[in-house]
Each structure stands twice: as C-alpha cells, then as structure tokens.
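Have a look at this one before I ask anything.
In this document, chain identifiers A, B, C and D correspond to the written order of the chains, with residue numbering beginning at 1 in each.
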C-alpha cells in the first residue's frame, strides 16, 4: 500500500528539491531546460546529455588501452577536451541559473559535476612530467560521470527503494556471513598455515570470502586433507546460505506485487492495528473503521 | 489473468500467420504437411524434422573434433551432404507451397532455413584452398539449425513470454550491474595496475564481471592487500545482488500461478469481497455481480 | 489440495507394493522385520541397516586412499567381508521371505541389493592379478549401497515428488541453456580457435557450460579481447538466467504451502472449473456448488 | 501466526534465563549493568563491550600479519593485555554477581568468556620457546570473542529462528547433495583416475563439491572427454538444484510475511469468508465471529 500512496514528487527524478527556480527571464528559461523535463527542449537536453555522458565514458575507457592510445592519441585528446568544455559549460550554466548556487554546488550531483571536469583542467595546469602517476589516477575520476545517468533514469530510484526496504535484513545477513568468514578463515589459517599460502588471517579471510561466495579463483586452495574437508563444508554452507538474501528480497517483492500488507489503520475504539485495507469493521472489537 | 485470456493463436507455434495457405491441390496438401501439425502426416513430418535437425547438429559438432574427422571424414561428409540436400528440398518445398514465398523467405525462420544450407553449397563452389578459414567459419553457420527446433516445441514460447514480462526489470538490473562493473573495474585498475595484469580498464572490467558473477576463473587475481579487500567486497556485493533478478522472476511467477489480484468488487447482496476479476456471480451467496 | 488428499500409501516408504506378504509362520515373521517398520523389531532392523550401510560406504571410500590402504589393508578387508556377508544374508533372507522372489529380485532395490554384494564375491572367484583394473572398478559398484538409504528416509520421497512437479519446466529450461551453450560455444570456437585451447566445439561447449553455470575453473579462459567480451556477456546471461529455475521451484513451493490452488470442482450447471475451495456458488453462472 | 504469539521473553536477548539475580546491594547493581539492558548504565556497558570486542578481534587479526607484527609488536602486545585484563575483570564480575556462578560458567557464553581470555594467560605461564606452535594456535581461540556479539544484537536471534524453521528441509536437501557428491565423485575417480589428479575417492568428492557448488577452483579439472561430459552434467545439476533451498527459504519467508492462511470461518451475519484466524469480529459487517 505505502508504495502506491507515496507522493509523486518522491519518485520524480527531475525535481531537485531546493535549488530555487528563478522567477522569470533567461535564467528561468535555462533552468527549465537544464533542470526540468516537462518541456520538449528539456527532454531533448536530457537525451543529449545521456548520449554525451556515455560517449565521454567510452573515451575514458579507451584512454586506458595502450594499443588504442598509441594509434588514436590525438582524436581521443580532442574528444576529451570537447567533453570537458561541454560539461564545464553545463556546470557553469547550472550554477548561474539556480537561485542558491552554493546549495547546488554542495549537493551530490553538484560534486559529481565538478569532479568529472576538474581532472582534465588540472592536468593542463600541472606539468605532467613531474606527477605523471597521480594525474593519471586523478583523470580516472572522470569515470564518475556515469553517476550523472542515474538522475535521468527513474527506474534506478525505484530499484533503490525496493532494495532499501530489505536493506537492514541484508546487512544483518552480511554481518553473519562476515562472522563465518572470520571464524572459518582463522580455522583454515591454523589448519593450512603459511606454507600452503595462508600467510595471515586477512589472507585466509580473503580465501574464505572467495570460497563462500562460490567465486573460487583457485589462486589459493587447501592442500591438506583436513583443509579440503573444511573447505567442502564452507562451500555447501555458502551455497545453501545464498538462499537467505534471495528469500528476503523475493518475499519483499512478492508482497509488494500482491499488494497485501497490513495497513496503519487503527481502530478508534480498541487501538488495534494490522487491519486489511478493505476491512470495514475492526476485527478485534467490531467497531466501525473510518476509511 | 492475461495469461489465460490470450487468444489461442498466440501460443500455437504451428500457425505462421501470413504466408498464405493455398486453396486446393497438391500445394495445399504439402502446406498441410509442412506447416501444420493437425494431421497425422503433419505430426510425423515434425517429429522427423526434429530428429534430422538433432542428427545434423551432431555432425557439425563432430566435424570440429580433429580426432573424429581424421577417422570418419568420409561418412561425415556423406551425412552432411544428405542433410544439406534434405534441408534444401524442405526449403524449396516451403517456398513453393506458400502463396507469398517472399514473405516466408524474409521471415526469421526463412532466413534460418537458408543460412543453414548455404554454407555447404558455398563450399562446393569456392575452391577451399584459397579461403580455407573463412569457409570453415561459414560452415559453422549450420549450427543455427538448432533454432528450427524452437518452432516445434511450444514450451519455448511460453517460457519466452514469461521472461518478457520481467524483461524490462532485468534490463534495468543488468545496467546497474554494468555501472558497478565500470566503477569497481576502474578502481581496481588504479589499485592493482598493469604490473599485476590489470593492463587496461576493459581488462579490469572483464575481471570485475568474472568476480561479481561469481565465475572466478582465476586467470587474473588481485595481488595487493587493498585489491583483495575491494575484491572481497565485490564478491559479497555480487553474491547478495543475485537475489534481485531471482526476486523479480519469482514474484512474477508466483503471482501468475496464484492468479490472484484482489479486486475491490463487493457483492451487492452479502457484501463479501475478494471476488476474482472475471467472476460474474458472488461465490458466497450466488447473487449477480456488476462488472 | 491434491497434496493433502494423496492416499497415505503413496508416501509410506515401507510398503513395497507387490512382493507378497506370506500368510503365517517364520517367513511372515522375517518379512515383518525386514520389510516393515511397524513393529519394534522392524524399526531396530532398519536403524541397524542404515548404520551398516554408512559404515560399509566408509570402508569403500577408505579403500581408495593409498595411504590408508597401506596401513590398514587387513582390517579393511575383514570389515568388507563382514559387510558383504551381512548384505548377502539380508539379500537371501529377502528373497526367501517374499511370496514372489523374482518380482523382488527384478525391482530397483532388488538389483541394488545384488549389485552391492556381487563385486566382492566376484573378486574372490577371478584371480585379481589378471584383471586388476576392471575388478577395482567393479568393486566400486558397492558404493551404490547408498541408494538403500533412500528406502528408509521418507523425506527423500517427498522432496522427489516436489521436484517432479516442477520437473518438466526445469527440463525445458535446461534444454534452452543447452541451446545457449551450443550456440555460444560455437561462436567462441570461431573467435578463440584451437591456438587458445578451444580445440573443438565439444571443448568450447564444455567451457561454455563452465562459464554459464558460474563454476569458472579457469583451465580454459578467453585470450582475445572479443572473446573476453563474449565471455562477460555469457556470465551475466548465465547469472541472471539462474533466476528462472529458482522462480519455478519457489512458485511451486509457495503455492503448495499457501494451499491455494484452483480445485477440480465443476459447476453442475455451466461446467466451468477453477472454483476456490470455499466457494459456495459458481462464480460464472451463480448455481449452487456441491461441497 | 506462531511467530506473533511467541512470548516476548523468547526473543529478548538480555535475559539469561537462570543465573539468578541477587536480591539487593552492590551485586544486584552490577548484575543490572552487566546482564541487563534496561538501564542507561546497562546500555552504555553493552555498547562499550561491543566496541572492545571488535577492537580486540582486530588485534588478533593484525597479530597474524608478519609485516604488521614486525613493526608494531609492542603496541599490539600492550593492547592485547589490556583487552585480556578487561575481559578477565568482566568474567570475574559476572561470576561474582550471579547467584549460581557455576550455572553461568558452564553456559555457552560462560565458556566463550573463559576461552577468550585463557590463551593469553596461558602464554604467560608456559615458556613460549618450548611449545611455540601450540601456543600460537591456542591464542587464536581468542577469535571466538566474536560470538559474544551475538548476545547483544537480537536480529541474529530472529534470523536464527527463521532458519531453524526451514532447517530440517535444508538438512534433507544437503544429504541428497552429499549422496550426489559421493556417487558422482566415485564415477569421476573411475573415469579420470589417479593420473589426472583424482588420487582417491575423498579427493574426487572434494572435486565434486567444488564443482556442484559452482565454486570451481580449477586446482583439479577433468582431463578426459568423458570426464568433461560428466562434469558439465554435474555443473548443470548443481546449478539447477540450487533452486531448491532457495525455494524452501523463500516459501517460508513469504508465508511468514503474508501471515495468511485462509480459514474456513464464515460470518454468521453476512456470510463473508477469508477472516484472519484471530479475528474476533467480521471485518465486513462488524458482527461477532464465533471462535
């Protein structure tokens, strides 16, 4: 039920709540295009931005492949500067057209917008030769442009909300898994020991995680009979235990879908709760319930 | 509900909608056998075709095993030509007996039918010596004969429809996974670097996919302590997140199976609720329900 | 519903249907002990048999460990002969006390009973020196004694029935997976080729199975960029598709548990079906339904 | 239903049932702080204890990393002794303030409390040189301090109870998996043999577990064609069978969540059905329902 009655505003991704829409003039027109999606121009702007973000991410990825950089260093550089200029212009436009620029600049997407252009400008200012490695890493911050996508695709918000509903249970579950990883990792550290690659408890815990999540790289495997026996037990445990988060999420989704949840309706007479949405009389005292 | 009320035509796999059934004569008889499954001859033809397809696929597979080809090159060649002649005859028969041959030829199964015989004929025309590799690859197109099976086993259609219902949600989910793969792959590229095998961002993304899906080949593993820590986090993430698509599909299947979306319909006589959407009379007192 | 109304006989594991219980005398007493579990002696016999089976399986397993055989060859031999004599005695007793020995001997458990003692006797008759390897393999048939356990633990029967209910759907699902393995395996055979270990289509299909089921041994991994891209796609596919059988089984179990299934009740007037268990009037024509 | 009606005491983690609360005086005050969480002091004590446990576990883990021990041996030693003194003081305080010290000392958490301090004291008494290895292992017993956490986080109790509800079914399931591992491991031992690494049945069973749980280390892989075929079959089996425990847990959780077992109760006045088991008045007309 709750799901259906949340105000639309909650899921509308194009309503940054409190940056302030100017009252009139050019700034209001730009605001409408950049921040809203109700007009045709606003929708076109959004689609264009998603395309530019995806292209820019592709350039960042290609930038890391030695063989591509060898052949296409020039065009990649040109593209990167084009994107940086575009995103910088967008950032400045956003800053200019809102009534509370600082509020925008310190919001999550304001920071992302800044972080995704800064590295390129920074690389221009600082001589690369002296700090090559750090710059290279800094430039990879541009990858965070991908987060700008989430603002334009509201299914992400829905999925996020669905997960948050089961979030606490999943956290509890993960902490139980962590305890199993700690205990069983320590046991394996004792059983196998440094000579078989289990050089420390953190290393053994890494192995236990690799095993219990059924990833199984094989870079570290038990070599003793007892170790193999414990490992087999852990695999079965991890494999079976995977059922738990699945059960949690599925139960959540099934009940949302079937739309069957005790409501918050309270009987005015006996104060009992948990009445069905369509109940007309209190099931506990027979008093009429208000709609 | 929708499930039950879809017109039968929708799930009848033997009704290629618009190729045109001839009015009478031999063509009509052949059409009945090849395209329909209502007659005994039509059913026998279908069973025979499934058997020939499976045998022909087996020959294509064996054709790729060096030790088998060494011993059985002759019989495999004979079998392949037999199958090619059979499928060619079937293709020509299909083309001849429909009223709109072009419409059939350009349909999905028309293209598959052509593609599965062409390579063998092509290999006859072009001297193999000059283009050995390309021919070998082309011949493997024959493997697509397997798709012809889907036409004869209508459970595939049902399963496909069930998946399509959850398809959009699964796509959204996969795009979120892709974002996680991109971000975490980039982070690992920075942390581990080319000296530990993470030679580029695409490579690191390949590793992130291998890890998050719990495949874990082990051809690329984190070597630094920080890298191992991030990898452990990713494994737990990917393992727990697997619950999401399972939840989506299960919720879909459960609600289809239980066929139960509570309605607000109330019986005008006994005021009972919980009637099925298509019920015409109250299940409790037999009074007519209004639509 | 169906679940609840199945006659008890169907799930009673101790009722081998048609071997024939003798009318009186010693044979009847032995039959009661060996085949039934209603008496105290019968229950003790069952518990003893389970223990002997588990011990005997342990001996077979230890028999394969070189280091154990080196030290304990004598005691293992003695134990094995003890178990063989016990099982032989049991087999003969079963044969003697039923009215239709042949019917028992040719039943599933009759064959298992024979197969689990024969190898040891056979090893006595044939000089081991001449056929060492075959005998060793034959002796491992004794491992099938484990199947005798299933007769005594009726939860196995229940689980089996639950799986059978979803069996057809799972089979269809597996055949779709096989098709994906075939197509994608062939594609990888073309892309990677024998020089990267994909020596034949069966080998590539083995790799595709290892990848799609998220096992990921790592004995065969893609080496080309395109191959890695296709492999990543397959991992995500296999990982997401795992949701399907889970959805099938869960939907089955949830609906069994919630006991909510359209019944076979038919309206005497309009012959419609699918009425709820507690409906009193036909939802389609309003006619009273008989209980 | 049962879930809701369990007495609160059952889930209250701070009520060690029968150690005996002193009647008055200092002992009663200490008891209130250490064993209960109703007072502000008691809650502060609990939070502090959780923090100390987590820190102490971190020290144990760091103690196993050679590079860390090399640099920080002194501070780690000091911290470890601080924690040991704190936990010893806590243990003695617990012993002193309960009315039945022995009952506490022999309870699960009493043993854990003792085991987590003993090793450090023991290391002081015994000269390390003579029994280095054993001491090192003994000291790792301190890791069990993590179990003390479970007493303070009652979600663990809830999760545990939810799992226990499906526990028997999961056990049955695991025993079926073990049977498959035994049979298929033995088959692979025969097919691959010692020359391909399957040196004994236990080794082959270890491999079968690694494969069926989709861990797939790759330290042991099938080398023969037949072996690869059987392995592929096992992977698909294990992958599909994973659906079973998920189905069990999910069905359990869904039904708990929906809390809905349709009853046959009918309202004597309006004849409506579908009332919850504990409803006392008809939700549709407010008439009293008979039990």
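Note that a residue touches a chain if its C-beta (ideal position, glycine included) is under 8 Å from a C-beta of that chain, and two chains touch if they have at least 3 such contacts.
If you're wondering where the values come from, they're calculated on a predicted model, not measured in any experiment.
Counting the residue numbers that touch the partner chain, chain C and chain D have less than half of them in common.
Looking at A-D alongside A-B, one finds more C-beta pairs in contact between the chains of A-D.
Averaging Cα coordinates per chain places chain A and chain D 29 Å apart. Separating the centre of chain A from that of chain B, both taken as means of CA atoms, is a distance of 30 Å.
Contacts with at least two other chains are made by residues 173, 202, 205, 214-218, 242, 246, 248, 250, 252, 254, 258, 260, 273, 284-285 of chain D. Contact topology of the protein chains: fully connected, every pair of chains touching.
Against chain D, in their complex, chain C makes its touches with residues 57, 60-61, 64-66, 137, 140, 143-144, 146, 149, 153, 155-156, 159, 163, 170, 173-174, 177, 202-203, 205-206, 209-210, 213-219, 242, 245-246, 248-250, 252-254, 256-260, 278. Of all residues in chain C, only 168-169, 172-173, 175-176, 179, 182-183, 186, 189-190, 199-202, 205, 211, 214-218, 221, 225, 228-229, 231-232, 235-236, 238-240, 242-244, 246-248, 250-252, 254-255, 258, 260, 262, 275-276, 279-288 touch chain B in the complex they form. Those residues of chain C whose C-beta lies close enough to touch chain A in the complex are 214-218, 246, 250, 254.
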